[in-house]
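Starting off with a structure, shown below.
Chain nomenclature is as follows: A, B, C and D, assigned in order of appearance, with residue numbering initiated at 1 for each chain independently.
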Amino acid sequence: MTKPIIGVMGPGDGASQKDIDNAYELGKLIAEQNWILLTGGRNLGVMEAASKGAKHSGGLTVGILPSENKDGMSEFVDIPICTGLGSARNNINILTSDVIIACGTGAGTTSEVMLALKSDKLVLLLNPSENLVNLLDELPYPKPNLTSSPQNALDLIRQTM
Amino acid sequence: MTKPIIGVMGPGDGASQKDIDNAYELGKLIAEQNWILLTGGRNLGVMEAASKGAKHSGGLTVGILPSENKDGMSEFVDIPICTGLGSARNNINILTSDVIIACGTGAGTTSEVMLALKSDKLVLLLNPSENLVNLLDELPYPKPNLTSSPQNALDLIRQTM
Amino acid sequence: MTKPIIGVMGPGDGASQKDIDNAYELGKLIAEQNWILLTGGRNLGVMEAASKGAKHSGGLTVGILPSENKDGMSEFVDIPICTGLGSARNNINILTSDVIIACGTGAGTTSEVMLALKSDKLVLLLNPSENLVNLLDELPYPKPNLTSSPQNALDLIRQTM
Amino acid sequence: MTKPIIGVMGPGDGASQKDIDNAYELGKLIAEQNWILLTGGRNLGVMEAASKGAKHSGGLTVGILPSENKDGMSEFVDIPICTGLGSARNNINILTSDVIIACGTGAGTTSEVMLALKSDKLVLLLNPSENLVNLLDELPYPKPNLTSSPQNALDLIRQTM
């Protein structure tokens, strides 16, 4: 049995302080469960903060990088996967994660949430824009799972296991 | 100089009749300009209708298939590109198109619009959901280009060339 | 029914004059059959020469580019597919081609021949290195099809259709 | 600083007993160095044996799967990366590994060695077919590094670090 891999997706450059704080906390909580954290691996925004939080709690972090090498990688990534695929790597983020948490809203994050809808995986939203929630509500997929805090997201994941 | 490649993206299974009619008309108008039509290549919804419209006007059609072979391909695709990438092929749709027209709204279509934001390409929306428009409005990218009809979309493309 | 897509694979920078001459001739012959030529799309070696030959005979040429845009593209490519996948795009070359002709021997070409073995497609070798032939001979796949000239390769393809 | 990731590539179905024994030993030795083992992740041949050897010595194993899910995964993989890319994932194996060891010879393995030539990475061959060595000798890249045993391969890697 492999350990659960929890993907935390969120904005890079455009992340808000709230999203960064949430991501750090998510990383910590995921590590405390002894689960594996997966992010897009870059040294920016939600990816950086979640990886940092996980490492500060002794967790294991995987980064699915868009680039062919480790340039721009977060120093808190233990296992950098150099895909060389650019944004096509977003689909690997989704396929590899057992659960996806969208932490904030951005263009890349939204593309990942959309790809995740097509899987049967648990997708959680933390601090999403209202417009994203409304859009998800109208698409022919199960309703999005809104969470109120990192701890609430973790509790929901534990309930499904 | 290669001919312009116009990508028409839209729902497969869940396409509305309006989106299908628009897609057919877009295919026709693109072919009449002697431009190349690009779609996701499947025999469903907007992909099928746009390809059909283009072929009925003697156009050339490219289909970027998610599969390793031609199973499920639209019969109106001249050049099937078998990527074997699943949904990761969405990024090729965007990178290869000179202009992207989102015809309707769906999960895959939204993922493509989000990927397109990161390019500097012209992205046009035809009959989008209001929630998609609102979401795009709040993202830190140029405002989405709303079009009122297939003909209006074509006119806008011609103005930018 | 789509037209047959014939993939001509071969060295870029390191192509010999013989391989370049063969590629040009292959492109011409493929175009004369009204088949579609597929290459890796770059303005180098076998890719450039085959595309040039096909265009000089009025053919249609597809280029599966490793890059995200058209930089470095052969001017003789009609339909550039910008994959942004780097060398991972080699697999698309194989999956999309109905028949593969390896024109000369190089690292990339060899990787493509190896991927082609796993398909059930006709793979032809034109002017391969003896060491490549010996290696192919020992692998648990159908024997490689050696051809003596571009015309001979075309004749073999026609016989299988 | 991330730990070194050592990619062990080799045949699946067609692996010889010698290749399987070597792969198991390589996995063990890599784990004993506290390095990370990377394979193609499947429950077959060299991939399975190397992962098993690493786990028996308490190592960490990454598997870059061709599939969209964990079907056919080796039970000795700690971190399955579900790429959904088919054989296009071979390029991720190479880009992600800091050092590549080809353990035996097969079609997929050869494709990976060829892709690795284009990187500046250390590529080691263990029990290669003579025809593969001859082919590599003639290509315009640094000469292949032949190793005589798993221990010898490990010693060579340590010398380069």
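The rule is short, and it goes like this: contacts are C-beta pairs under 8 Å (C-beta built on N, C-alpha and C of every residue); 3 or more make two chains touch, one makes a residue touch a chain.
Because the structure is predicted, anything quoted here is derived from the model rather than measured.
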Pair joined by the larger number of C-beta contacts - B-D, A-D: A-D
Farthest chain (mean CA position) relative to chain D: B
Gap in Å, rounded to a whole number, between the CA centres of chain D and chain B: 40
Whole-Å gap separating chain A and chain D, where each centre is the average of the chain's CA atoms: 29
Touching two or more other chains - residues of chain D: 68, 84-88, 91-92
Interfacial residue positions of chain C with respect to chain A in the complex: 68, 84-88
Sites on chain D touched by chain A in the complex: 2-3, 5, 36, 62, 64, 68-70, 77-85, 91-92, 95-96
Touch list for chain A against partner chain B, complex: 14, 85-92, 95, 105-108, 110-112, 114-115, 117-118, 129, 131-132, 134-135, 137-141
